[in-house]
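In the two assemblies presented below, chain A is common to both, partnered first by chain B and then by chain C.
For the complex of A and B:
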C-alpha cells in the first residue's frame, strides 16, 4: 500500500529516518568515547605535542589512591541513591496509586518540580542552605534551640559526602515516581481486587503484588540510578569543588581536575575510561542481581 | 489517522533537531572562512595609511571579567578600554567572551587542548611554559620595543611573572600583593592592640583575646582551593625558607617540598587553624563570601590579596564605616624564619597575551588592544575603583577610600616575594591546594602535606 512507507518504513527510508539520531549519538557519544580511549595512551598536556606511552596511564591509575577514593564516593552515592531515590519513589508511587491519598496531581507536581531544575541551580541552592553563617539549615536549627545539632556540613570530611547526597537524592526522586506510577497503573485492577477480597492490606499488596509486577521497572530504575551516580559532576563542582581536600571528589570531578587544572589530558582520559569500565561492570552486576525480573514471578 | 499524525510529528521533530545542528555548523564555517580571508588580507596587505592602522579586523577575545559586573574594577576598566578603542580604532571589532576567575582556567585549558585559543586572552604565569612549548603563545618583546612609551611603563618586577626562556609573553594588567590581612582596627583596639601584631607571640595573644571576645579572629574563603596557597602559604613559605627555596624548586635542586624551613612555615600556618582562630567554614565559602561576616563585624579580620579592596568597597555599599576603620597588614614573622619581614608575595601574576598564530593585520590589532587593556589609562580606571594596574600612575587613592591609602603605605614598605602559584607546575599547585584544605582541617600535618606535594613534584621532574 502506498501509505506504508510512512507507517512502516523500510530500507532507505528507514535508514534516512534513523540517520539524524544515529549521527547525533556518534558525534556526541561514540566518537568522544573513542577519542578518550585514544588520548588515554598518551602523555599530553594539550596542544600539538603528544607522546605515546602505551598503558602507562592505566598502570598509574591502578595505584592511584585518589582515584580509588573517588570511586568509593561514587559507590556511596550509588548505594544511597538506590536505597533512597528508588526506595522512597516506590513508596510515594504506591501512595499515589492508592485510594487514600488526596490531591494526587499536586503531589506529583510538587515532587517532580526539582527534576526540571538544572543541577547547577540545585547545587547553588543547597550550598546556600548549608552555609555555616547564614544558611537556612542552621537558621532552622537555631530557631528550634537545636544548636548542638549544627555541624560544618560542607567542611567536615566525615560528613561532606552525606551532605551532598541529600540534594542529589532530593532532585531525582520525582523522576522515579513518574516511572513507577506509570508502571503501577499498568497492573490490572482485578489482581488488587482479588487480593482485597482475600484480606490483603496495603502493605501486603505492595510486597506481594506491586513489587513483583513492577520488578522490570525497578531494575531499570536501579540501573539508571547507578549509572547516573557514576557520572555525577555538577552538584559536586558547585557545592564543594571536590573538597575539602579530596573528601567529596568523585570520578568525573577527578577526571576534570586532572585534565583542566593539572593539564594532564592523557591521564584525565584514562580516568574517564576507568570510570566507564567500572560503570559497565556495575550495570552488568545489576542485570545479574535482578535476573529476568518479572518473569521470575510468573 | 492518529498513527499517521504521530509519524509525521516524529519526522518533524527529527528534522528540527537536524536543522538546529546545521545552523551552528554553518555559522562556524562562515566564521572560519571569514577568519581565513581576514588573515590572508592581513598577510597580503599589512598597510598603514599615514602611520595609522585602518585595516578592518575582528578579534576574538576571552577574559575572566564580565562586562556587566557592578563590583569588579577590571570590568569597569575593560568597558572604558573598549570605548576608547572603538573611538580611536573603529576598524577593530572585538568579539568578547567574558567569564569569572574560577571558571576561566577550565575554559582556557579546553581551548588550549583543542588548539583553538582566542586571539587575545588573559594568561596566568604558570600556564606560560606549557603554552609556549606548544607554540600557542606569542612573545610581546617586539610590542614593548615598538611602543617604548607604553613598554617602559612596566617595571622588571611586573614583567617577572610573564617571563619565560628570556622572553615576555604577557602585558601585566595588575599589580598584586597576594597576602594581606584586612582587619577592623576598632575591634583590635578593644582587645588592646592598636596595631596589627608584628611577631608570632603577639599574634597568638591577640587572636586568643579576639576569640574570647566572641569574634572569629581570621576569616578566609578557600572554597576555590587557591586562596590558602596564594594568600597564606605565599607568605608563610617565604617567611620560613626565604627566597632560595623558590629558586631551588624552579631549578629542581634542594629538598623540594621536604625542606625543613619551608615546612616550619607550613606548621605555623596550620597552627592558626588548629587553635580555632580561623572560620570553621573556610573551605566552603569563597573570597567574596568572607566579606559579609567581616562587614557585619563577626570576623575581626580576613586574609585575601590586594584584589579585595575594590570588591570590599562595592560590597559595603552606602555604609563604608567598616571599610573606613579597616587597616591592612601582612602576617608577622616567627622564630626561625629565614625570609624577610615585612614582605608579601606580589607581582602581576597574569598578563594580556595573544595567540602565536596571529600575523599581519590581526597581530597589529592584537598589539593595539593589548596596549589599551594595560596602559596608563587602564591603570587610572582601575585606580578609580580601588584596584591597581601594571603601571605606576599618579593617583590619590585616599579619595576612593582610606583603606587604599593604608595599602599603598604598606606596599611601599613591604618587600615583594615570588608568587609560587604563578610559577610552579600546575599539577604541583593542585596538589598544594588540595593538601592545604586538609591541612587546615587538621586531617594531615605539615610533613604529610610536604610528602604528598613532593610526590607530585618529583613526577614533574621526570
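For the complex of A and C:
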C-alpha cells in the first residue's frame, strides 16, 4: 500500500469516511471485549448491586468442574474436527485435484452445501435424524436389520458428544475441501509432471509434493478448525441444550446459561474471558507446532 | 480399480452431504402419518398445508419479514461503509493507519459469543433492546473485519493510472470513489454482499438475546417455537426449516462459485 500524498483528499473527508466503520467496530466489538474483562471482576446479577470481587471469579473458574467438563468437550470437538474436517478434507481435495475423480464440480458443490446452512437449521435437522422413534438414523438401521446397533444417541452421557460431532463435521468439511482445492491448484503442474517422469505414483506425489507445499494452508485450516470449535453454540443449544445434565455442554453454552439463565453476569463474563484465553493459547500452540514444520521443508 | 473405489467413496460423501437437505425438502410436503410410516420414502401426495401450519406455529410470516429487514439493512450499510474504509486503507496514508487496519483485522479472531453479555448490557443501558435497526447495526459491525479486508486487498490491485486520469480531468474525491473504484469493485462487493447476507440471515445468539418481543424475532429464532410445545409434528417442522433455509439454498444454487471463492479468500488470506 503506497503512500499517495499528491492525490490525497482532505483530512476531513478521510475522517468522515472512516468514522462509521470505526464507530461501529468500537461500539460492538472493541469496547465489549473490554467490558467482558471488566465485568469478570464483579459479582453481579444485573441489578444495582455490583460487588467487586477481584479475581475471585477466576479462582472459582479454575476449580469449576462444569467448566472443566465443557472445556474437555470443546477439546474433543477440536480434535475430531482437526482429524475429520481438516484431515479428511485434505485427502478428498487431493483426490479432487487428481485425474482419477469424475464429476469434480458436482462433488465440490455437494460437499460445500452444508456450509451455507444456518447452524440452527443443521441442529434441528440432525436432532430429527437422531430421534429415537422417527429419526433417519434409526430408520436406516432398522431397514438394514441392524437394530442392535441402535443406541440412545442423544440421551446417553457417554455417547452424546460423539453424536454431536457428526453434524458439526458434516457442516464444515466442505469449507476445508474448498480451501485445500484452491491451495492445491496453486501448485505448479510441472512439479507433478517431473515427479511422474521419475516414476512417482499418486500416494507418493501426495506425501512428497502436495503435503509440503500446502503446509501453510494446513496450518491455517487447523487454526480455523480449532478456534471454530471453541465457538460452537447453536448446534449444542438446539440438539441437546447442553444435556443430558451437563454432558454436552461446551464453553459458549456454559457462559450463556450462567449469564442469561442463572443471571450471574460477572461469573458468565469470567467464563467468556476464560474461553477467549484458552482459544488464544490453542492458536498460539498451533502456530508453534506448525511453525517448526515449515522450516523443515524450506 | 483404485480409481473406481475412490469415485464411489467420494460419491458416498457427496450423497451424505446432500441427502439430509433433500430429505428435509421432500419430507416437508408429506403427510405426518406417511412420514412416520416411511421416513425416507418420497412423497406420493403433496401436502402443502404443512407450510400453512408451520407459518402459524412459528409465526414465520412475521419472522421472515424481520429476517429480510434486518439482513438487507445490515448488508446495505456494511457495503457502503466497508467500501469507503477499504478504499481508503488501500490508497491513502494517515497517522495510525496500520494500527487501525490491524484493529479491524483482529476482529476476525474474537469469538463473537464472548460479546453477548457486554453488548446486551450496553443496549439494556440505553434501552435499545428489541430494536431491529440496532440488531442490523450489530450484524454490520461483525461483518466489518472480513469486508474491509476483502475490499482493501482488492482495491490495492487497481492501477493508479485510472485515478490519476480522473484527477487530471479535475475530478474530486467523490468522483474517484464512485466513478473509478465503485464500478471496478463490483466483483468484491458482490462477494461481500452474499457472504454477509448469509451470516446475517443465519445468525442466532444475538437475535435470541436481543429480540424478546415475539413480533420482532427472526427466522432462526422462530424455528425454536416448534419444539417444546405439545407433541412435535415433524412434517410441519420440516416445512418450517425449509422456509428458513430456502432463500439460502437458492442463493447457493445461483452463486455457489462466488461463495466458495469468497470464503476461501476470507479464511485463508486473512
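We adopt the following convention: the second predicted complex is superposed on the first by the 265 of 298 C-alpha atoms of A that agree within 3 Å, B and C clash if a C-alpha of one lies under 4 Å from a C-alpha of the other, contacts with A are read in each partner's own complex, and residues count from 1 in each chain.
In this section, a residue touches a chain if its C-beta (ideal position, glycine included) is under 8 Å from a C-beta of that chain, and two chains touch if they have at least 3 such contacts.
From a predicted model like this one, the values you see are computed outputs, not experimental measurements.
Once the two complexes are overlaid on the shared chain, A:111 sits against chain C while remaining clear of chain B.
Of the two partner chains, neither chain B nor chain C is touched by A:144.
Contact with neither chain B nor chain C is seen for A:288 once the two complexes are overlaid on the shared chain.
Set against each other, chain B and chain C differ in how many residues of chain A they touch, and the higher count belongs to C. Using the contact criterion defined above for the overlaid structures, shared-chain residue A:20 touches chain B and also reaches chain C.
In the superposition on chain A, A:265 contacts both chain B and chain C. Once both structures are placed on chain A, chain A residues 3, 7, 17, 20-21, 24, 134, 256, 259-260, 265 are touched by chain B and, in the other complex, by chain C.
The touching residues of chain C, when paired with chain A in their complex, are 2-3, 6-7, 10-11, 13-18, 20-21, 23-24, 35-36, 39-40, 77, 80-82, 84-85, 88-94, 100, 103-104, 107, 109-119, 121-122, 137-138, 140-142, 144-145, 148, 156, 160, 163-164, 167, 173, 176, 198, 201-202, 204-205, 209, 220, 223-224, 226, 234, 237-238, 241, 244-245, 248-249, 251-252, 256, 259-261, 263-264, 267-268. Taken in their complex, chain B has these residues touching chain A: 3-4, 7-8, 11, 14-15, 17-18, 21, 105-106, 109-110, 112-113, 115, 130-131, 133-136, 223-225, 279-285, 289, 292-293, 298, 426-427, 430, 434-435, 437-438, 441, 443.
For chain A in complex with chain C, the touching residues are 1, 3-5, 7-11, 13-14, 17-18, 20-22, 24-25, 27-33, 35-36, 39, 92, 95-96, 100-103, 106-121, 124-126, 128-129, 134-136, 139-140, 170, 173-175, 178-179, 182-183, 202, 217, 220, 224, 227, 230-231, 233-234, 237-238, 252, 255-256, 259-260, 265, 268-269, 272-273, 275-276, 279-280, 283.
Against chain B, in their complex, chain A makes its touches with residues 3, 6-7, 17, 20-21, 24, 45-49, 127, 130-134, 152-157, 240-247, 256-257, 259-265.
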